[in-house]
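Listed next: structures, encoded as structure tokens.
One chain, chain A, appears in both complexes that follow, with chain B as partner in the first and chain C in the second.
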Partner chain A sequence: MITYEYRRAESLEDAASVLEKYGDTARIVAGGTDIMVQIHEKDKRWENLKCLLDMTYLENELRYISEDSENVYIGPLSTHTDLENSEIIKKYLPFLGEASSTVGSPQIRNRGTIGGSIGNAFPASDPLPALVAADAVVVLYGLCGKRSILLKDLYEGKGKLALRRGEFIREFIVPKFPEGTVTGFSKLGRRKALAISRLNCAAALTFGEKGEITRARICPGCIFIVPDRVEKAEKLLIGEKPSEKLFYEAGRAVSDVMIERTGVRWSTEYKKPAVEEIVFRALAAAAGMEV
Partner chain B sequence: MERIKVSFTLNGKPCEVMTKPYSRLLDMLRDDLRLTGTKEGCGVGECGACTVILDGKAVTACLVPAPSVEGRNVVTIEGVGKEGKLDPIQEAVLKEHALQCGFCTPGFIMSAKALLDENPFATKEEIRRAISGNLCRCTGYEQLTTAIYEAAEELRKLNKTKI
Partner chain C sequence: MPLSKVGEKRFNVINNSVPRIDGVDKVTGKARYAADIYMEGMLYAGVLRSPYSSAKVVKINADKAREIEGVHAVVTCFDMPRRQSWATYMYLTDVIRYPGDCVAMAAAESKELVDEALAAIEVEYEELPGVYTIEEALAEGAPLVHEKYKNNIFTDSYYPIRKGDAEEAMKKADIVVEREYRTQYIEHSYIEPEACVCYINPNDGAMTVHSASQNPFFTRRYVADVLGVPMNRVRMIQETLGGTFGGKEEGAGLVAGRCAYLANLTKRPVKFVFSREDSFLESAKRHPFRFRYKAGLTKEGKIIAWIGEQVDNCGAYNNQTQFMNSRASIHSAGPYEIDNVKTDTYGVFTNNVHSGAMRGYSSPQIIWAQEQFIEELADACGMDELEFRRKNLLHDGALTATGWPIEHCVLREIMDYTAKETDYVRKHKEYKTQKNERKRRGIGLAVTHRGSGLGAESPDASGCMMICNEDGSVMINSGLAENGQGLKTAYAQIAAEALGVRYEDVKFFGTDTHSIPDCGMTVASRGTVMGAQSVRKTGEKLKGIMIQNALDIKAFPLEEIEKKYKLKAGSLSYDKLEVKDAELLNSEFFLKKYPEVKVPFKNVCNTCLWAGKQMAAFEWFMPEALNQDHHTGQGKAFPTFAYGCIVAEVEVDMKTGYVDVLKVTASHDVGTAINPALIKGQIYGGIVMGQGFAVTEDVITGKRGQKTKNFDSYIIPTAMDAPEMKINIFENDDPAGTYGAKSIGEPATEGVGAAIANAIFNATGRRIYENPADLETILLGHKLQ
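On to the complex of A and B.
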């Protein structure tokens, strides 16, 4: 059994100083929907865990969803349920709300937070592709102050985040899409509820006056070591009108990039058509096309 | 390791417990407080047998660190029903034969209660979604869905007479 001390973060500074003091032997808990599972399963990562740092009493500072004319601001303690029900998310980032609504089960969505989902560096996170597709910025808080980086640059490698000792996620800033943008999310899991994504994809399309695509964002989930948009697929869409053929072409561009980056594996025979279909469905959902 | 004190509201009453710092809410309920109505199934948040209501929302007690409920409001299956009488949800589960071995039942009832407290007009589809985090391996879900739907009707009637 893994045993540890419990610390309640009293303030942002307090949280940073505990993390600074303990380094790798302290871990943040918010909703606990990942770490409590890993601890229960005696995950080797937490063999040396000395301190579990509870952030949930910083709700006043860290649980909010707000907006100004340019951005949507999301506090990391916002739960998946908060995101699913937020009018701001429904209006400006509908695919993020949809992705959040597919996480785990009601119990998991009521506890699990967006900060935890990202801070856990889990490549199959559901909200992650939507945030990356929207070019989200993550604000990090540490004893030396705040810094902001593109969310995709937070990921350094498998399970590894570019966090300095003592740092934690303070906020997500998501730029609003241009007028005329629609979004879509698709997911492949083994069953409807409680399924961890095998593959997922978030897409955003902006249309011009003649119905042509003027801007495209495609971010597949689960297939790259670090999350990323696929610009090669996005470029294919510019200036074109939505069609089944076009969206499948974009799907093939994504699967080409997947093979370029991760090589041909035993699973490729299955994954390649599945990725193409998931990308197609996200784009078709965004364009309001019947599948 | 030194035990720590956790003070919270449990089933409507103030409660103070000395528990291990690494206890889960599930351990504190079952081992420290001897409230064994909350069941441990999988221990990893997948089966819903340990569902309780925390600040009005259904959560799995196996994933909540016990000290994280300090100052908060917890309702367990022991807090459902009043003055020795079953809650309408429990009555409906019996009436519809919505259980066999009964191990998953407290979890289902807590998920159903969280839903109906928030939305007394829940549709069958909303009920199915609300119990999608609870597994039953003997009875299945049809009887449970029907029972919860009927309980909602009953609860609406009761609330009307109260007003």
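On to the complex of A and C.
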């Protein structure tokens, strides 16, 4: 059994000072859909857990979805259900709403938060690829003030975030896509609900006046140690018109990069063809292509 | 034989979908489960399990654990006198045979303290080589799981079938086909993990056990044995069970045995509730099988020879394989008429979790393999798979694999009905030629036959006590148990039917081992078909007694009857009335000739109490003896068989290997539908369980321990995955079971996996030789690893 202290954060500053005090031995709890399970499992990562910091009482400050002319702003305590139902997300980042709607089950989506999903550094996170594909910036809050970095740069290695002592996720800032952008999300799990992604992919395509692709964003999930877009695949699409063939080439480019980065593993035999298809489906969904 | 639907038979209480006795309590949360019990001064128990699959405990030091305040008992494998249960399972052991083996246990004032105590126990292990697969176990020079069993072969579980001369007939065959199929470990996945509370009753000193046990008498045997006391010093009361499917037998015994030992040691009530991880690690699993079948056919598509080897992985301990393989061997040639059969069925020990009873008792695995094999045979002789089945199916008068003539067989009728209803032939043909590279449809069929009850495996006897109270309410008591299948409801219906009272007037209060003799186990889908025979018999006996009582106390108003029926005054006389002249129906007595004048049952009961009349009966039912020759398996193996046909429709994602089960049509011959709504409930659940078996479920275990310990990695279908379901219930004139009833609990699931596998083949052209048909198997044609 892991024995730890429970603290309720009274303010952002209070949260930062608790995290500063405990360092790696403190952990934030928001929805608790991951951390409570890990504690129950006596996960080795939390062997030295001393303090569980409950952020849920900061809901007024941390649970929101808003916009201005440039960006969409997402508070980290927003639940997956919030994202799924948000009109702003539907309008500007539809693939993020779709991805959020595939997380776990209604109970998990009602409790689990976007901040937790990212803060947990879970590689099979469903909203993660959409955020990375949208070049989301994460704002970190610490006792020395705020700083912003690209979400993909937040990941340092497997399950590890580049957070300084005392820092936590304050906000996600997602730049709005250019006019004419469409998005798609695809996911492969072992069943229709309560399924952890075996593979997933988020894609955004911007079309020019002649129907050619002028900008592409492809972020596959579950296959890299740290989440990333695949620029090699994105570049293939620029200047082209959507077609099955084109999207399959993009899928193959993603599987090439996967093998380049992680090598051939015991699961590659399956993952290679499957990831190509999942990338294809995300692109096809974005382009509104019937498959 | 024509098929008949529910309602064509004439019954008063059975054959109706009366509401479940325990339904409202369960859905409102009012029902009490063993884990809900709290007692003053109660301690909590827990066990320390080995991190290794095969090892030896060199040293164990529990001093630190014992020093923790609030810890009342710490027992290690070296200080428990009877650490082996009456069966081979171990409460605690220093020889680790599988990753669920326990080396110590503790009782403390809180669950947290139990955890702390267990963590403070220092254990030094020596890891040993082990065997995990059937091949490893049978390999020459393999480490032995039990010294006693050479080559790891569980000799007590060997069952041969020898009918005709299969080797000779094979030589004469025009076509010979040989295949191998394998199945996986399956977890029961009941919603309630194992739970038990034990205390010494201060009044009589008996160890009193409230447990989630499928078989209360079986659990009592564990407790009496571990304490070394007579059975009359152990009282086992079954609490509401949150599912079992065969799983709460030895597992429940081990939990209760340890819990009772700790209660006796500390002289305090002790509660032991398994975590889900405990349950995954220690509860029995469905046996993985390796099937090797070889069949010889004529050009015309008649199977003339069948040779099979059915080897099951029984894990580290066993009390089931030796019974289960009897059933497995009896069904080893499927529901087909084959003159020459030679099959061998046996289990091997491995360093994995023990295998046991799991809804089907070998049949889901066997049917999954055989019904795929049958289609491969049809294909080998260029025949349509339905036509091929028709040519070979069992029919009235045909001899089973055990050489016994079949009666009341409706296999072909059920298959034809189901195929027609699902438009099977057209769809099957159309789907074969699909060109779509992404999504393909498939339809698949399987036929099943299942020996009802325990058959020749063990005695299928049972007893029942029935008591009429002064207010006309009736209590029944039987040693068979309500395990969620609806037994209390079915028994109350059967008692009401037999005795002639209203269903609402009958209650079955549950199983208490101090109140009724051991009636055998509630297993093998025998509860209704065979177990309830004693309820029927007791009801019929008591009815005669109660009618005689009514006559004795002169309950019938003879003058009123004479007036009403305009009879001569004095023409009716008690001297001339006999039991046969009167009837008891719907809790009312009447004279058969004059049914309009009724006498309430409760009035008679009330008078009888004060007149000192017998108002209770106990009857024992012993079915006809079955006899199979052990060397050849020939003889009568079961009183009768239940027949079924399942059609599954799937959509396969050809690019990812995802199988979406769209629709399942299940047709079952239930003999007599005691409660059609409960039957449907069984079938709905059985279909989804069959889907999990076919597509997603798999317990991964091996040298590095058992990887699958919870529902995050053990993938059962959710409500979102469940297919559309169509159910056809057929009745039958077969008189063998209670009021003609046949088994349904296990038939409901046994053919589903096979139908899905055949549907996948129809969609993809790829056979599933290794279950389940997960993403990787579908896409690559083999398992990853």
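General remarks:
To be clear about the criterion, the second predicted complex is superposed on the first by the 291 of 291 C-alpha atoms of A that agree within 3 Å, B and C clash if a C-alpha of one lies under 4 Å from a C-alpha of the other, contacts with A are read in each partner's own complex, and residues count from 1 in each chain.
Rule of thumb we're sticking to: a residue touches a chain if its C-beta (ideal position, glycine included) is under 8 Å from a C-beta of that chain, and two chains touch if they have at least 3 such contacts.
These numbers come from a predicted model, not from an experiment.
When the two complexes are overlaid on their common chain A, residue A:E269 makes contact with chain C while staying clear of chain B. In the overlay built on the shared chain, the residue A:R190 is in contact with chain C alone; chain B does not reach it.
Legend: residue contacts after superposition of the two complexes on their common chain; A:D54 is shown touching chain B, with no touch to chain C.
Greater residue coverage of chain A by touch, when chain B is weighed against chain C, goes to B.
By the touch criterion defined above, A:R111 reaches chain B but does not reach chain C. Look at A:I278: by the touch rule set out above, it reaches chain C but stays clear of chain B. Of the residues of chain A, those at positions 1, 3, 37, 41, 105, 192-194 touch chain B in one of the two structures and chain C in the other. By the touch criterion given at the top, residues 1, 3, 37, 41, 105, 188, 190-196, 198, 266-267, 269-270, 273-274, 277-278, 291 of chain A touch chain C in their complex.
Across the complex, chain A meets chain B through its residues 1-6, 8, 29, 31-33, 36-37, 39-41, 52, 54, 56-57, 81, 104-108, 110-111, 192-194. Touching chain A in their complex are the following residues of chain C: 112, 115-116, 119, 438, 655-658, 696, 710, 712, 715, 717-721, 774-776, 779-780, 784-785. Note for the complex: chain B touches chain A at residues 1, 4, 20-22, 24, 43-46, 48, 51, 54, 57-60, 62-65, 67-68, 70, 111, 114, 129-130, 132-134.
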